[in-house]
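There are two complexes below, and they share subunit A, which is joined by subunit B in the first and by subunit C in the second.
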Partner chain A sequence: MTAHTAARHPAARDIEARDIAAPGVRIRDLTVVYKTPSGELPAVRGVDLTLAPGTITGVVGESGSGKSTLALSLLNAVQPPGRIAAGTVEIDGLGDVLTLRGEDLRRARGSQVGYVFQAAQNSLNPLKTIGKQLLDLGRSHDVADLRALVRDAKDLLARMGMDGARVLDSYQHELSGGMRQRVGIMLALALNAKVVVLDEPTTALDMITQATILRIIREVHEERGLTTLVITHDVGAVAEVADSLAVMYGGRVVEHGPVTEVLGDAHHPYTQGLIRAIPRLTGDLSLARALPGRPPTLGTLPTQGCVFRERCERRLEVCETDEPMAVNRDGRTVACHATDRHLTLVKRKEFV
Partner chain B sequence: MTHAVPGRPRLGAVARKAGGHVVRGLVMIWVVATISFVIIREIPGNPVLGQYESLIQKGMSPEQAERATAVLYGFLPTGSLWEQYVGYMGSLLHLDLGRSLSTPGVEVTTLIGHAARWTVLPVLAGTLLSFLLGVTMGVYAAIKRSGKLGDMLALSGSLLHGVPVYVIGLLLTAIFATLWPIMPSGGPVDVEFVPGFNAGYIGSLVHHAVLPVVTYTLASYGGWILAMKSNVVAVLGDDFILAAELRGLRRGFVFRYLARNAILPLFTILALSIGMLFGGSIFIEQIFNYPGLGLLLVDSISSRDYALMGGTFLVITVGIVVANIAADLLYTAIDPRVRSGGAA
Partner chain C sequence: MTVIVSPGGAIDPGAAPARSTRATLRRNFWRGVWRVLRRKPSRMAGVVIVAVFALMGVAGPLLYPAQLPRDDNALYAAPSLAHPFGTDFEGTDVLALVITGARYVLLTGLATAVITVALGTLIGLVAGFHRGRWDTLLMRLTDMNLAIPGLPLLLVLSTVWKFESPLEMGLVLGILGWGGIARAVRSQTLSLRERGFIEAARGLGLPTRHIIGRELLPSMAPYIAMNMLIAVTGAVYAQVGLFFLGVLPFESNNWGVMLNLAVFNGGALTTPAALPYLLAPLIAILLLTLGIVLIVDAMDEIFNPRLREE
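Let's look at the complex of A and B:
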């Protein structure tokens, strides 16, 4: 089992890293609400999302779509005034994370589920060297062989193209954004966590560093046999790194499927709009069209009907009253009345 | 970025920094000494000349009067301004601040030395006590800020911060020395004890120091609790605290990350306020009739004892300059960002 592997001998860990299958993650009916002056409002509502073992799932969405809240839910770490109101997050070998409390939850964080912050945010203690923070991490999780932990961390840093000994001896302010991000990845993986959540891993990095970080994520993911969730607003980054893609809007997953299919043949009008909004490197810039309107905030989110209808060009009457159900067809999930009807029509035509 | 050994305090750099500070501090002290030299001559009624003339009026010959004045002030009252200045600076270099007028013949340095004992210890005790108390309560008030206790703590800080120190001192005397007389109302020690290292004398010293120390503690406690509370709240909002929690760090580690980052800016203020204590707390020393530097300064002003006044000013200046240097070096020692020359 993967439980507390960190405490065992490092050699044993390496073998396990290769042999143990990556865990699957199943998010079911997850609802997260935030307390506001006008009552508790849902930032994530009724989300079902399955992360297949050993895959990278990308979650894209505009600011306020609930993607970061979803990411924090995987560690049962939604910060007040937020609260997980309903749902389950099952991780193989760990159970429902949302029922974990106290010490069990603390031990699961870091050792089983790793979390990588955005590079621009200061996720490291400015007053301690990276190495000392690594030791704090090891001591917190009762790692018996701290030397091995440091050795592994150096190897991992070297694997990501850095001088491990020197980085461990540095303070946060002595590292560049790309270096900090790699340190963040190292700290998330140091205890051999098998599920890794990356929140905006390439935001605020320059293009070259972005490409490097994406390549590292992909390679480390494969070498260590991880199940990875990448949260981003950058469709391009997700296209490069992810196996499957979930599109969030107004706290719902509106479309989910293999990344090539979702980007190549988007069904949901929001996904289509999102793809149209990406400027191409070659060709006319005016071809890129921004989505009309603004993304909803917690306060402006419609309480009934489809959350996207205000900005949707294929709006139907039923969108005003009924929330579209997520329909799964051939490994793709879409929550849209128009698409649903369209597909039904196509199918009907085929039968006629 | 170029650094020989990343992350390690580079001793050469620290020594260079300390050297620079000392040179700047000496310049500062020289400037203040020069200003007080000039002011003593420019004060209306020129006290030096006044002394000289009054001695002549008392029947001294001009030469005698000149010598007597020179003894009192540590420099010749006549001669060119430049000669006087050189003389004054020369005696300063020998730590000679002249002689007191109000306590004739006694060296100013001796008077200051005596007074400093009564100031430094009580105020140091009060400062450290209020710092420890305020910082601890500040952390508590920040963590429990949505609860009743946190509100009460913050409120107590705001209220105490707003009450002037002499009001606190008078209230304490009124309560503990008059209404319910368990504490002496003033003075540094009971006269019946023989000064020295005996239980009775030391007990009496401590007994007399309680109210001044408590006054000083209460007076600055409010500032510490408010500053620490806002620092802790700010650090709590920093990402590295959430990141530490998400990495599953033990509460003890997370708390240390929080506390060390929050307390850091306060060390500078602490070092500075320790420097200020050389000025003594004029109000506290007057209320409790405590013969410290503050009282000495007040007395020197009311008796127009200019040599003593100048000397006391100079000592206060030196205290503050030294504290400034200490604060800066302290920051260099404990904050790695400052240490490496502020790359961030």
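Let's look at the complex of A and C:
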């Protein structure tokens, strides 16, 4: 036992040594359109977002706000009828992902950018054991030492509180939802990807499992020195893990800043509305107020002016005609006419 | 000595080899197949029937001389111990005819099935996975294939082509028959490619060839295997039918030829004497179909690990 422990330690140190520099991610002016019978409609429009190296950024928003599309753009994996129309996604050490094609792009996926898919519990092949899928992954990325890959995977699984050997030997139907989710995280990290995107990692899991997964995300993030993007519609979950928070509405990032500040003192009326809509654990349930109106779909999105104006209680005349610029104030980015009404125009800049 | 058992103790490397050996055994595909077959006696019966026919096809013609013996004293003899299904118009043993005729029938069936499934699966997979222009092109091709009237075309072809080799026959039947499978495989692909694990495979950077061959295809394996077996029976019907109609020359020994001679020469429908001569190939076809259907029943369980387990 002692010998084994001693033997494992150097390896653990190696992992830490490898992981010093977390890459930064810079999304600039990203526009993704979907082809529909009524023309190409933008699901993400002109998004600027910077993920500082080594931080966890949360992205929240209602369904259809463009969160998942944004996340897929990080992999340059938007499927037809979708198309990345403009912008750049720069990842340190990889360059602009959107210019990668074919084999380069395939290699970047998995090895540089790890992706945990929405409903990761359904993203395992039902016909293969987890170990087989791990080996498939290793082989298609030309991993020379498959034994080391399996060992790393077992360590990772053990790190997440599971028996690695047993899990690798299981089919997905032999694992619970939370276990599958963790396996999804393991597969995203197995090739030592430094940028990890988690698309709704806690959706459809029970509260206890949610808490565990969030803790694991936080721990693995710190341990491996990752840059993480967490997509969710659960503001509570994001408050738990994220360092900074971006709020999306109608394909725009309307507010972005440190998570405590954004949640503690929201500037954008949409963020304020979102926070008001969270039911409290104590007190009257009716204190939680739903946002009026319904979230816009691609088709109903206004083409000019502020996308949120129809549901906004602080609507101004200017909102009808001009789209608000994202302005940086007190270290936060907000795109709203109402909040910067009393300010002189600030140079367009976003929170980093 | 204090032994600190960390949570990592569960993955103690020393314990791993024993564990994985047991695991390999558990995952052994053929053991799973055996267990699935044993679960229902009917499946075993199916395997036995098909195995007997396969044996007939392989070894049947070796058991008899190239020219089957005739017995002029026993034309249309009734079933007896020496001739379990009686004899034909020349006094040849009917059972011997069925056994030696199996090779042509089964080879044609096999060739047809392989060609049908290979072409149909390939075209369906490519069309369904790539969609767009490829899909349109391949599906129009499939529509054309489906629109070709098989029997009339075969009748016309048979005037210029003698189909002496079963492989020639299989080739023609296969090329005529892949349309249905292509359509079905395409629709399966369209549905499967949207599933989470395919999306995840793409996101993890697995190559397209791997995704199509190793992720999509195995999910459809029971379906394809089932179609392949059913294609065998289809091909058997088709060629036996052609020979029965007499549109193909009787150069080879074949169940269809037997049927034709029994009905049109022996008058099996009016006189009982030639009845065993008619029934023997019919029973053979029936048994073959039955055997295949019984095996098809096991396909889904064989390929689905969830059903394969105890």
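By our rule, the second predicted complex is superposed on the first by the 320 of 352 C-alpha atoms of A that agree within 3 Å, B and C clash if a C-alpha of one lies under 4 Å from a C-alpha of the other, contacts with A are read in each partner's own complex, and residues count from 1 in each chain.
Throughout what follows, contacts are C-beta pairs under 8 Å (C-beta built on N, C-alpha and C of every residue); 3 or more make two chains touch, one makes a residue touch a chain.
The structure presented is a predicted model; accordingly, all values stated were derived computationally and were not measured.
The superposition on subunit A brings subunit B into a clash with subunit C.
Of the two partner chains placed around the shared chain by superposition, subunit B and subunit C are both touched by A:117. Using the contact criterion defined above for the overlaid structures, shared-chain residue A:140 touches subunit B and also reaches subunit C. Once chain A of one complex is fitted onto chain A of the other, the partner contacts of A:99 are absent, as it touches neither subunit B nor subunit C. In the superposed model, A:127 makes contact with both subunit B and subunit C. In the superposed model, A:154 lies in contact with subunit C only, and not with subunit B. Set against each other, subunit B and subunit C differ in how many residues of subunit A they touch, and the higher count belongs to C.
Look at A:297: by the touch rule set out above, it reaches neither subunit B nor subunit C. By the touch criterion defined above, A:77 lies against subunit B and subunit C together after alignment on the C-alpha atoms of chain A. Clashing C-alpha atoms with subunit C appear in a single stretch of subunit B, chosen from 38-46, 74-82 or 200-208: 200-208. On subunit A, the surface touched by subunit B in one complex and the surface touched by subunit C in the other have residues 75, 77, 106-111, 114-115, 117, 122-129, 136-137, 140-141, 166, 169, 171, 173, 184, 187-188 in common. Of all residues in subunit C, only 3-16, 19-20, 23, 27, 131-132, 195-197, 199-207, 210, 214-215, 218-219, 303-306 touch subunit A in the complex they form.
Interface of subunit A with subunit C (complex): residues 1, 4-5, 7-8, 75, 77, 80, 106-111, 114-115, 117-120, 122-129, 136-137, 140-141, 154-155, 157-158, 161, 163-166, 169, 171, 173, 184, 187-188.
On subunit B, the positions that touch subunit A within their shared complex are 1, 3, 5-8, 238-240, 242-250, 253, 257, 260-261, 264, 334-337, 340, 343-344.
The residues of subunit A lying in touch with subunit B in their complex are 75, 77, 79, 106-111, 114-115, 117, 121-129, 136-137, 139-141, 166, 169-174, 184, 187-188.
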